[in-house]
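In the two complexes below, chain A is the common chain; its partner is chain B in one and chain C in the other.
== the complex of A and B ==
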């Protein structure tokens, strides 16, 4: 999730759609919108991928609004209870909500940028304890599929993890599993 | 690197056990041996029944060949550990246990359980200790920020288990918070 041009995480994070409104007419590029128009007219709205937007904004060809994964509705839900929001449904199951948020913070102006950063950090911290909790629980279960007493809430949470959270979950689970296996191993049979 | 992602940032439990095996424990040898010189030091002479301090790896070796009896370390007895357990459950900080208590206790319970007093109860107290400390680690995680997280008195095995997760989480946090500095330039 770096700013590096070649970072795969950054490329994947940018692969989200942002609603934009064009300010000028653009001849012969109507196919970009998927419609049958020959030209793009001024003030027509379309969903464009995020990596197109910096160029359009700099050259003042279009205006963009805050994309849906970071709308006020989502922020209110996160404020209420961060662990119950399904981040994966906002950006698709392979998506990177935190990565996308970071990219947006770079292009928007100051007071909103700080707000969004705070939202990202707070959400991450709130969900972190649950990720660790679940990972250790599942690490301890070994190869059993599904959690016995875990129930629906645990599964919903795990499904709602975004890409970066899933990586952390896998790390914690692997180390918990290794430690547990070590505790149960015995050296007596070695000799 | 051909290592899987989770093994890149920490040691395996077996490696920690290996490192912990350098710790000295006391044994009562049952056979007579002269002084032996190893790279790590000179041990012995071993006369029957007298206490000798040797590294854990040597104690394990002799025990498996039935050439000694192990004397449990000061902290590996039921009352001490039960005290620590009640301390653990009553106060929010971690209690003071030897840094490598998990590895040493596991090896001794495994190899030399007949030299220990009530090994089954010891096992269950150790397990309770481990779970209480794990719960505290999770609580301590709430205080994380991208600069530092202080959890004093954590043991080697516990640190090792948490390390990949903690380091990953702090990395992500530092990337998220770096954005505020960048935009104010």
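== the complex of A and C ==
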């Protein structure tokens, strides 16, 4: 998900709503809000998709605030224990929390940008251990439904993974499975 | 027939660099193993991948590697790379002396052992003294000259196969198209052709022992491996060229990019770029008003519609020579010593890669 215009990941990550407050009147565009107004009045709040915001900010038509997936409440929860936060409920099940965070970091100013970056990195580091652990465990054991004692907790965690983490999980699991297959195949032929 | 006996002797003697060269083709399962060994919790997967050829003498290693379907890599006897140190610590990997662990090749200047400030680095070059008495610029020039000598010495000693393997891993890891290695590819392809002909000639002989059959199978396996590496190299370049087709054809990048491509690649880039542009025009751009049809708009906060090479991508690299001070993006300098492994943005070390003083891993 580099700085590529055509990157599908970037497009998906941008597909999140951000609360904005308009500063000026905009005639005839009332339908954007889903309401029945004909015009947008100044200082009216609405939820706009993130990819609209750079233009609005640059031409000074609106003001945006930090979107809910990165609010103070979420940050406190992540500080307390990163693995227990369900990232998928913050950005929708196909959403990309980290991707969205990266896009926001480019738009907001210091020092908030630095803070947000640190939050993203720390969360990723904390959750990665669990992701990899679960992936190897399930991949190596084949199709064990519960996987030992903490089946429920594991399932909860897996539901709460965001898009990037889900990909990593799938990759690690496939890799563990193939390694196991390779081990078994070479054992047989050696005999 | 004396011709066949010659061929047989050549294969058994291991004097032909392509055939049964232990230093270049033994080792752990190729670049796919590098991925898991680098992951954070990699203990599970890395020992699995690394143990496939740990401490195995050469013929067994070849069989096992080939069944695993892994491509060959020239990196030593299978010890998983401990590297990937962050760029903030000049952390010289301590098992460096096994990285180029050639069974036959002792005392080679390439087996860099990255040390600390004292004792490491270029022989006979006292850093402390130099930094105190000379200008930094002078030190850099001196190191630059030595680095170039090192590069040249290495050029002459390496076999074609090792050069190809290094070019292949570099090409796969770099986000940008690297200068083409035309002559290298040409000579490798010649070798492959010669070896295949030799094996075919030997096949026609009547007095083949069991050992001969076995030997011919190994030789053919070797040839297949080399063909795979060549194909993968070309495929990696092609992928990047197609992705950056518009960038390559843009006027301002001509001087930089065109010399890096072969004529065939350039022709392909032009054809592909033309097709892509035609497609965009027909489906989208021609339906827009005149002023919106350009692809080179510069809108702030939105990436350019012409995909540019992602030079800020972090890459692991292994320093083959002493590179002296590198300028980091925040202005500070950073000392890179021979044999050390670091993780940095591609942009900061691109010039070193083009001079062959480092390799990407």
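The rule is simple: the second predicted complex is superposed on the first by the 179 of 191 C-alpha atoms of A that agree within 3 Å, B and C clash if a C-alpha of one lies under 4 Å from a C-alpha of the other, contacts with A are read in each partner's own complex, and residues count from 1 in each chain.
By our rule, a residue touches a chain if its C-beta (ideal position, glycine included) is under 8 Å from a C-beta of that chain, and two chains touch if they have at least 3 such contacts.
Note that this is a predicted model, so its numbers are computed, not measured.
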For this session: Considering only touches as defined above, state whether A:175 meets chain B (first), chain C (second), both or neither.
Result: both
Problem set entry | Touched partner set for A:106, first chain B, second chain C, both or neither | both
Exercise. Which partner, once the models are overlaid, touches more of chain A's residues, chain C or chain B?
Worked result: B
For this session: Using the superposition on chain A described above, determine whether A:73 touches chain B (first), chain C (second), both, or neither.
Result: neither
Exercise. Of the two partner chains, chain B (first) and chain C (second), which one does A:6 touch, if any: first, second, both, or neither?
Worked result: second
Exercise. Counting only touches as set out at the top, which of chain B and chain C does A:58 meet: first, second, both, neither?
Worked result: second
Exercise. Now for A:136: first (chain B), second (chain C), both, or neither, which partner does it touch?
Worked result: both
For this session: Report, in rising order, the residues of chain A that make contact with chain B in one complex and with chain C in the other.
Result: 2, 106, 125, 128-129, 132-133, 136, 172, 175-176, 179, 182-183, 186
Problem set entry | Complex contact set, residues of chain A against chain C | 2-6, 10, 54, 58, 106-107, 125, 128-129, 132-133, 136, 140, 172, 175-176, 179, 182-183, 185-186, 189
Seminar exercise, completed: The chain C residues in contact with chain A across the complex are 36, 39-41, 44-45, 48-49, 64, 67-68, 300-305, 307-308, 310, 313
Exercise. Quick one: in the complex, what on chain A touches chain B?
Worked result: 1-2, 98, 101-102, 105-106, 110, 113-114, 117, 120-121, 124-125, 128-129, 132-133, 135-136, 164, 167-168, 170-172, 174-176, 178-179, 181-183, 186-188, 190-191
Exercise. If you look only at chain B, which of its residues touch chain A in the complex?
Worked result: 4-7, 10, 12-14, 17, 60, 64-65, 106-107, 110-111, 134, 138-139, 141-142, 144, 157, 160-165, 168-169, 172-173, 175-177, 179-180, 182-184
